[in-house]
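Two complexes follow with chain A in common, the first pairing it with chain B and the second with chain C.
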Partner chain A sequence: MNKLVKKTLITAVLAAAAFALYYNFSLLPGYQDLEKGISDYIITYGLHDTGSLNLITAVLYDYRAFDSLGESTVIFGAVSGIVLILSRKMLPVSSKGLSFIVKRTLGIMTPFIALFGFYVITHGHLSPGGGFQGGVILAAISIIFSIVYGSAFDYRRYSPQTKTVLETGGALTFLVIGLAGIVMEGAFLKNLGFLTAERGTLISAGSIPYINIGVGFKVGAGLAIIFYSMIQKTFEEDF
Partner chain B sequence: MTIRLIFSYFFMVSSAAFAVVTVLGLLRFPDVYTRMHAAAVVLTMSAVLMSIGTAIYVWEFFLSIKIMMIGLFFLFSNPMATHAIARASYKRKIALPKEYEIDAYSEYLGRDSDEHS
Partner chain C sequence: MNILEIILLIFLVFSAVMTVRFDEELISIIFLSIFSLILTALYLLHKAADVALAEAVIGAGLNTAIFMSAISQIRHSDSD
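Then we have the complex of A and B:
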């Protein structure tokens, strides 16, 4: 008897879910050709709607900003899982690093790598690039510090606590801009109207550059944390 | 075709010639260190010449400056990376030159040169 009730309930729930899915699906417009589809709308009106010259950034951080929030949450979950599994202790295993020539050369080049990373992040709405790409370049600096100068140097400069603060700050920037969209414009992650300016300038395109900066710091710090927790107890030789 | 384009094509063609020499060196040299030497010296020259040619080709101030910065980056980073790889492979005894008469770096490291022959 109990089993029968349970089976009936399960069947009813499944039927309701199937009906809901079908009802949602039937609301979708049928496939039209490319001239009337969403891509043509974005190509035509994307610059006017968002003020971003880079249409991919416009899609990522304006039309589909909620999706990007989910992606950065996925990165957060990946970082948490890897740190939970791989990090055995928080103290770094030091190494002497590479030779003198490599250290001096990277001492000259590392500020320019950082400058390029910030350039890619802040010009995400004007030229190819954006938060994710620039964040990876920023993470490369931490990897360079760990390999070339030894992981103790990296620990002294940017300890894992600092990286955690940076990553959390990036995620909070994203969320605060989304909530500001609710307060000022009426929808979550809607483009903030008072930040728009002349097209093509550095500070324009509403809230897109600020979301870019937040995502950049989040991705950079997250990848650096992943690398840092993977290298422990593996770099002991002196090359 | 202006004289600027002729200069740019000259740089690009010489860069391509250097790249061909790099491939020949990678294929024909006998062991690891000489191959690394070919990749370091000639490929760096090829990349720098190609960036100079491209900078002359576009001929716009900020774009040319950016392309020249890429060339400068190659000029610093490629020999440095080759140095690091060669040094690591020598110290870890991954590739040792067996038939060299003079092996100064082994003596510098205090390693017996007959040990690995």
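Then we have the complex of A and C:
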């Protein structure tokens, strides 16, 4: 009898979920806008609407900024879950680092990698790139430190607390700009018109560069935290 | 469809098959990284620079590092 009730309950819940999903999808608008050519609209009016030379960034952080906010939330959830499962009260030490030559070479190269990362983030509205790609480049610096210098170096320089603060700060920047859109322009994440400058300059395109910077720091810190909690933990914290 | 694209596509399929066929995890990961690099070149050939940058950074850079750390943990727990 108990089994029968259980089976009935499961069937009822599944049927309700299927109905809810069907109802949800039936509310979606049809494809008539696509046939009229929404891509043609963006190619024609994108530069005029947003001031961003890179139309992909214009779509990502202006027309579809709410989707990007959802993506950032997904990354935040992934980081939270991985840290919750894998974090231990130990200092992770993957290795003692590589040889002297590799350490010196990377010491010379690392500032240029960081410069390239910041370039990709801040020029997201002018050239290919954007917050996500630049953030991953910044996360690669943390990975390089962990591999080449040993992860204790990375721990001392950029502790997980610092990375958490950076990630939260990036997410808050995104949200604050979205709320500023409500206050000043009347819609969530609407492009802030008073920030627009001459096209092609570094600080143009309204709020897109600032959202890029927020997303960049958020993604970089989040992916560095993920890598850091996944590497081998062998030593107790003793410094 | 020019000759460079055909060569890249052949190498793409080759590296994908090699990734699955090898038993050694390290070689599989390296072939996966090569797969990402060839895909980056293909994206650039089709003038999708944003996607190419994301693929190069995530597929060839970050994925390799995370998979390497994962297999190093698996091997440690095997030998212990």
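Rule of thumb we're sticking to: the second predicted complex is superposed on the first by the 194 of 239 C-alpha atoms of A that agree within 3 Å, B and C clash if a C-alpha of one lies under 4 Å from a C-alpha of the other, contacts with A are read in each partner's own complex, and residues count from 1 in each chain.
Everything that follows uses one rule, which is that a residue touches a chain if its C-beta (ideal position, glycine included) is under 8 Å from a C-beta of that chain, and two chains touch if they have at least 3 such contacts.
No experiment lies behind these values; they were computed from the predicted model shown.
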Clash-or-fit label for the pair chain B, chain C on chain A: fit
Touching partner for A:Ser99 - first (chain B), second (chain C), both, neither: first
Partner chain in contact with A:Ile82 - chain B first, chain C second, else both or neither: neither
Touching partner for A:Leu175 - first (chain B), second (chain C), both, neither: neither
Touched partner set for A:Val136, first chain B, second chain C, both or neither: second
First (chain B), second (chain C), both or neither touched by A:Phe227: second
Partner chain in contact with A:Leu53 - chain B first, chain C second, else both or neither: neither
Touched chain A residues, chain B compared with chain C: C
Chain B versus chain C as contact partner of A:Phe112, first or second or both or neither: first
Distance in angstrom between the closest Cα atoms of chain C and chain B, superposition on A: 12
Chain B/chain C common contact set on chain A: none
Residues of chain A defined as touching chain B within the complex: 98-99, 101-102, 105-106, 108-109, 112, 237, 239
Residues on chain A engaged by chain C in the complex (per definition of touch): 54, 56-57, 94, 120, 128-130, 132-133, 136-137, 139-140, 143, 147, 223, 226-227, 230-232
Touch list for chain B against partner chain A, complex: 69, 73, 76-77, 80, 83-84, 87-88, 91-92
Partner chain A, residues of chain C touching it in the complex: 49-50, 52-54, 57-58, 61-62, 65-66, 69-70, 72-73, 76
